[in-house]
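As written, the chain order gives the labels A, B, C, D, E, F, G and H, with residue 1 at the start of each chain.
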Amino acid sequence: MPSSITSFTPVLASLVSLLAVLPIVLLGKKPNLREGATFLAAFIKFGLVVSMLPTILAGSTIEFTVWEIVPNLAIAFRVDGLGMLFGLVASSLWIVTSLYSIGYMRGLKEHSQTRFFTFFAISLSATIGVAFAANLFTLYLFYEMLSLATYPLVTHHQDKEARTGGRTYLTYLLSTSIGFVLPALIFVYVKTGSSMEFSSSGFLSGHITASEALILLLLFTFGFAKSGLMPFHSWLPGAMVAPTPVSALLHAVAVVKVGVFCILRVFTGVFGTDYLQDLDIATVVAWIAAFTIVASSLIALTQDNLKRRLAFSTVGQLSYIILGAALLSDRAVTGSMTHIAMHAVGKITLFMCAGAIFVATGKKYISQMDGLGRKMPITFAAFSIGALSVIGLPPTGGLISKFYLVTGAMDAGQSALLVIFLISTILNAAYLLPIGYRAFFPKDPQLAKQPFSWKTTEEANWQCITPLSITAVLAIILFIKPQFLLQLAGLMVGANG
Amino acid sequence: MKSFALIAVIVTGWLLLSAVSDFPDWGDTESPANDYRLSQHYITETFPETSVPNMVTAVLADYRGYDTMFETVVIFVAGIAIMSILRRKPLDHLKDKGKETRTYKKDPDLIIDTTCRLMIPIIQLFALYVVAHGHHSPGGGFQGGVIFGASFILLALSRDLQAAQRWVPEKRVLNLAGVGILIYSGFGFACMLLGSNFLDYEILHKIMPATPIEARSHSMLGVEIGVAFTCTAIMFSIYSNLASNGDMKETL
Amino acid sequence: MEKFFIFAGIAIFALMFPIVWRIIVGPTAIDRIVAVNVIGTKTTVLLVLIGMIYGRVEMFVDFALTYALLNFIGSLAAARYFDRVNPDKNFSNSEAKEQES
Amino acid sequence: MDTQRREGGLWQMIWAFDLITLIFLVITAIISLQTKDLLSAAMIFGVYSFLMCLLWAGMAAVDVAFTESAVGAGVSAVFLIATVLRTTRRSSD
Amino acid sequence: MIPATICVVLVCIGILFFVGGAVGIIRFPDFYTRMHAAGKGDTMSVFLILMGLAAYQLADFSLANILVAGKILFITIFIMWASPTSTHALIKAGFEEGQKLWTPNGEKEDSGK
Amino acid sequence: MIDQSPAIILLAPFLLAILLALLGIKREWLCFPLVITGLAISVAASVITLMRVIDEGTIQYFFGGWEPPFGINLRVDGLNALVALAVSTVALLTAIYSKRAVPAETSDKVSQYYTLYLLSVTGLLGIVLTGDAFNLYVLIEISALTSYALIGMGSKRATLAAYKYLIMGTIGASFYLLGVGYLYIKTGSLNMYDIQEQIVANNLHGSPTILVAFILIMVGVWIKMAFFPLHAWLPNSYTFGPSTTSALLGPLVTKVMIYVMIRMILTVFSPEFAFDQLDWSNIVVWMSVIAILAASISALAQTSLQKMLAFLIIAEVGYMVGGVWLADEMGMVGSIYHIIADAFMTLCVFLFAGIIFTKTGRRDLSAMEGLFTKMPLTMVGFLVGAFSLIGIPPTAGFFSKWYLIQGGISSGHYEYVAALLISSLINAVLFFRIIEIAYFGAKPAEGHGHHHEEEHNGGPTEASFSMLFPLLITAALLLGIGLYNQEVVAIITDFVSQFNIGAIIL
Amino acid sequence: MYRLCIFLLLFGIWIIFSGQFDGFHLTLGILSTAFITAISSNFFFENRSQGVGNRLQQIIRIPWYLVWMLYQIWLSNIHILRLALSPNELPEVEPKLVRIKTNLKTDFGKWMLANSITLTPGTITIDIKDDELLIHSISSLTTEGVEGDDMERKIAAIFERETTN
Amino acid sequence: MELLEALSAKFNYWIYVIIMMIGLYAMISKNNLVKKLIGMSIFQTAIILFYVSIGVKEGDTIPILYHDQVHPSHGDSHHGADTGHGEDHHPSHEEIVANLHIEPDDFANPLPHVLMLTAIVVGVATLGVGLALTQKIYRDFGSIEENEILESIKSAK
């Protein structure tokens, strides 16, 4: 029986960036100090998260109940393996993203930077909140908070395009969360009357009938529309109007990962894999996810806008995670948990590269990027690594998670889904690899002839380049040393088994 | 609209009629409303408890005095409301005077004027009588007040509004109305200050030369006077605002 | 004796019918007002009669008096209306015709 | 004054009285609402109030009748006339 | 018994005058003549009826009843006081409104009602 | 004096209203302090009363020293005390707001306006506190008459709206009165608790008279609360009246009427009668579903902020009526909680609308362009209110919706849950439309060549303190009520549980 | 002095109204009467130059006039009754407007005259301007009574004896 | 015959419904604002009629105690004994009460009367406010016909 420790640390980890809002707003007039505050908060947060790591790895959980807000229902924090994994990813990547966004924002001389950093901080706070939420209710609170806090980020440009994008973004996220999750949440509350505390075996079994379970499952899966499951995916490409750091945040760190994280929580914490297996309803979700994977990959192939292509790629990759969870086998679940981290690192690299390209050259479309690799070698190198990671090729972390997923699918005996994995991997490669290839080896012979020299490079400023290099390296490191991630994931699965 | 109204009316009427057959007969002494201890108490105990022979007055001003206070407030509110809706400065009356197509006669009619002149003091006396004798005969503050107000209306009708306004200018009207309610609630607050509940007149025997039961009776008279003040003032105020369209110049 | 009063009352009531008829046919507003005034007077009498029927006329005279007074005010006000408004013959005539139809 | 209850036959008569008044009431209410001249409508409404007052006197509700005679018959008719003076006399229905 | 008799007689005559007034009001041809019926017919009949009632009230001769009779008398005075004035006011109003005077020649047009 | 606290709640504004009428005509500066004093005393008394209710249970106060049913009494239990506190607080906040708005909008009638204002509050508080069915009618009329005047003092069209309100309001109040009459004819009593006792004692639940009385009272109250098909008076009244009026009446009148409905169902007719014997719960819930949807959709079609909010109020009324008629304990708790929450959130948005109207002089949505940069604090206040109306945690609106949906689910009325959610979504659309306008409007101002006068002057600036303060307090209260909803709900549950509603339907 | 008379007059009326002779109600009566005297005593008599004795004389004379008036009203009612109930098509009715002049000086006198004319058979005062009365008469027969100065002399005898002196 | 009996025993209630419906119909369907208000008054008086009808008792009298009930000594002295100024030969309040015998069925039920006093007052107050609004509307729109006003608003837009 894993012991649980009561500690204020998870709350603090979530709150620290929220508290950072105050100095950020107050120091709005002094950019350096303001960003100093951002960094400070980011590091403190990371430190706090890491400080909990040993405890978690030792098999304990950390709990803290803040407030019993509705009868029997409290805002409560609880750190377990999955939460730790996600918290680690989010907090570490925040540092990177912060750095990057400073570069990006300054590079483009964006307006309202104070607001940007403020909401950035709030978003992170919400993300960590989701990661460490102890029950469905707390999860939902932070989920909503994240939706709202990212809206000003998505619409940062305040132009017509941003307006449409922002509108789509909110429409999808709010309508699904209010329309699907909230009733499901209350339904669960009414039926179980419990505190909705996540537990490794779920708490629903015995309270609801099979058909209710199916409806609930679908409500939750579609309700957490941040996961980009089709048909509720189109906010994601729409949200591409946001500044790139935001896209990075959206796609890699906070938003979409929160979506899949929530779904993972629902599968493992609310229903419990055993219960789902008994009911045999997860296959529905699995197939939806499978469909999403294939469809999104095909759409991604047709996109010329780099960020949009990456966005559709994200849609597909997220569905891997959902699919992994829906397969319900230990390995698949482990794979999907790990994939959160792997994909995050890979995708953030890709996005930062896209941003760096935009900052340096102002180019958005893939067709314009012929031969750009020669001007921006570091960026495109990182891009390639990221792409490899996303596709799931060595020497990147993506391979690890994909391996687990595929074997998990075999465990589950879903050979049809196995085929899907394979097809999609090919498709992934088809839409990601050509970009790097074209950049380095342009079709246009004139560009191809240009000699490469470090001096002619037109890389973006160092604040942009550094983070993407870091994440690219990280992707490789994760290939070499994925143990602790697997260990964290295994904590969840192991408890299950 | 007409057909909708018809449907609404028919449905409501049917609804109301459907319960009629369940009612006790008209004039039934055994009906629940007449037989219940509430009305019995009012009939048999009013005089012993308040020494007022007119049960209606006693119930009105004592048992349900709280209601009546708000009834007075309703009048007051109506007066203030009408004033606030209609009253305008004479200035903007002048502005649209060009549009006025009506002409007004200034000189009062001799016959009407003389009749009213002789009548008004008697009406006023009568009004005071009605207020004062509310305990023994029908009437009371409200009716008396209306009659008193009617005497002002009569003056305004027989001469013009200014004649009445000289007597009770607008500001005094408002003050009177306010004072009326203040008198009423003053009795209530006095009871509170003496340590009893609001409007519990019995306690006033401490400051009145009377027994507790008489204190009730006398306080009721005081309360009725308050009501009369308000009614007088407000009835006249409403009349003068309505009849002059808010500019206090010309009336009927 | 009460029965006599009631009969008297009903008789006076019956006499209201012709007056109500006048109210219905008009033809002009002032005719109606006259009729209303007459009804008011009759009502005053009726009130005293009712008082007699109840055997407690001292309670009824008060408001019979009020009644007479306010009836007077009412018809005076109506009369003053015409005093204040310019004679508008066309209106009253056309209005009268509308009423007839 | 005798304090005895009145006998049943008399009651029947009062009832008849009541009945006539009620019929009158309905008639005046309808006329008052159907007249196209608002001044007449106001005056007829006055008649309606008279009848109400009678009715209440007949039903032994003296205080109510008193109030109605003061308010319904006198004051509200005057208010209505005042409004007719200040607005218009014509009505489309 | 005498007061009762007086009462019955007076009330009956009063009602008779009421009849006169009422018939006059529907029968007379124009506004002015109707005004005659209304103004005069009422005054006397009210006087008679109320006097009759006052007389009945005095059957039981006590101070209270005298006062009641006095009040009834007061109503009578009031009505007789107010009635000519309101008659005057109304007829003046009609006159100013432009009511046409009925003449025997024009009788056929108007007397139909 | 503690014993007198229930009476003081409404007597304080009443007394000061009269004093104000006497003193305020000449001395206009006196009006505002008097209003604030009266309402502050009222709020304090409400708090004390609430404390006492929590400590001692139901408090009775006999006016005139007569015990019911002979006299009129105030009977304060958990429900009353809470609603009274909400009413007086909202009134106080609106009064603070009105300091500048009233002189600006009703130039020479300030003292009259404030007198009516205080009397209106008195009426509303009286409705909430009284234990007598007829007294309730009188107070309804007081609050209604004052409302007509408060609305009628607005613009040209406000008068027409007030007239319509008057007609509808009178029909509603008269139906209520008639209903009380039908109760009286069968029970002979007017005291609410006594009526209930009589109904039980004489076994009148099957009587058609009681049934008709119930229908009449319900229809009457529905008209007064603008329940959907009977709502015609509301939108224009709250749109064209002075902004203070909207901010006072918008949050309070409908809520207080819902309180009356709950009081009638629970206390007078008993829930067994209303829910079990009549078995109308389905019909009314469906009606409320239609109300919610229709009102929300109508709100979408509006271009004027006030009008949009007015339709939202109608939708919220649908929530509460539906919540009550779910015949479920949780639904009832949710409705009562929503009364309080909704009072504050409507207040919040109406104050915002008032500020915008005073600042820009316009009512349409485009008046709000770029306000985030110009009036950040105002917008923050508004955001909280908007989030609460949408139902975003941790504002009070979320929790009321939580309880309502909980009631809907546990009573199996999924259509109600669906309507609630759809309406939340529509609210989200509505408010994010505004937020969008306020958020995006700022930028084009730099580039384009429009030379509005506003832009020359830098546009509207942050509202004055007296306007901003109540808005922000309201926003804070919304969060507070949300976060401490357990405490509030505990009081409500305490009250509701004695009626044992949950047992009835089963 | 004047006010005292008014007070007494009003108090008499109060007694008729009240019918309660206990101290409490009499006190109320005195207070009310005093109040009315204070606020509206000057409504009663326009011309206050006349002495109390004069007024008393007038008051004594009034009843005789009233009796005569009652007789006139009686006649006029008979007249109306006859007209109304006559089976023929209103034989005598021949309405016309008549203007007459009056010599009465005081307003009260004119008022009395106008009302008397209204109450006498067949005539109604429509308007009164200065010393000219506009009268509606139902038939030529009835007009004679008005034009015959009889009434005016009676009124003058009561109210304007002083002025003729 | 039974129907007739049922009708006659509850005649007041039937008529009250009819009057009320007349008023309600006028309130809803009439175009003229003043007419609506007249309809409203009729509507309210119908309710008053209903209430007052409740309080009627067969063979009752007005709800004021008889003079000789309150003043037992009245028959001899023609003087009312006031309770407040207890001269020696007047009975005190307690004595009067001790000898007082009131048969409840003799008097009409006073409670509906009290209630209806309030209702009448409310009625006239509402009527007054309604009329004031009507005048203001006429001042602003130049008409008191609802459809004309609505049209003028529409055309102004």
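Here, contacts are C-beta pairs under 8 Å (C-beta built on N, C-alpha and C of every residue); 3 or more make two chains touch, one makes a residue touch a chain.
This one's a predicted model, so the numbers in the text were calculated from it and none came from an experiment.
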| item | value |
| --- | --- |
| Topological distance between subunit E and subunit F, in contact steps | 2 |
| Chain pair showing more contacts of the two, B-F and B-D | B-F |
| Longest centre-to-centre distance from subunit C, chain (CA-based) | A |
| Innermost chain, where centres are averages of C-alpha coordinates | F |
| Most distant chain from subunit B, judged by the mean position of its C-alpha atoms | A |
| Cα-centroid distance, subunit A relative to subunit E, in whole angstrom | 98 |
| Whole-Å separation of chain centres (CA-atom averages), subunit B against subunit H | 13 |
| Centroid spacing, where centroids are CA-atom means, of subunit C and subunit G in whole angstrom | 23 |
| Subunit E: positions in contact with at least two other chains | 19, 21, 23, 35, 41, 45, 63-64, 67-68, 71, 74, 78, 82, 84-85, 88-89, 92 |
| Residues of subunit F engaged with two or more neighbouring chains | 134, 138, 141, 145, 148-149, 152, 159, 162, 178, 184-185, 190 |
| Residue numbers of subunit D (touch at least two other chains) | 1, 6, 11, 15, 42, 60, 62-63, 65-67, 70-71, 74-75, 78-79, 81-86 |
| List of subunit G residues in touch with subunit B within their complex | 6, 10, 13-14, 17-18, 20, 25, 28-29, 32-33, 35-36, 39-41, 43-44, 46, 107-108, 110-111, 114-115, 125, 127-128 |
| In the complex with subunit C, residue positions of subunit B that touch it | 101-105, 109, 112, 116, 119, 123, 126, 130, 137-139, 143, 147, 150, 153-154, 157-158, 250, 252 |
| Partner subunit F, residues of subunit A touching it in the complex | 67-71, 140-141, 144-145, 148, 152, 155, 158-159, 162-163, 166-167, 170-171, 174-175, 178-179, 182-183, 186-187, 189-190 |
| Interface residues, subunit C side, partner subunit D - complex | 2-3, 6, 9-10, 13, 16, 20, 23-24, 26, 29, 32-33, 36, 39-40, 43, 46-47, 50-51, 53-56, 59-60, 62-63, 66-67, 69-71, 73-74, 77-78, 81, 84-85, 91, 95, 98-99 |
| Residue ranges of subunit F touching subunit H (in the complex, touch as defined) | 134, 137-138, 141, 145, 148-149, 152, 156-157, 159-160, 162-163, 166-167, 170-171, 174, 177-178, 181, 184-185, 190 |
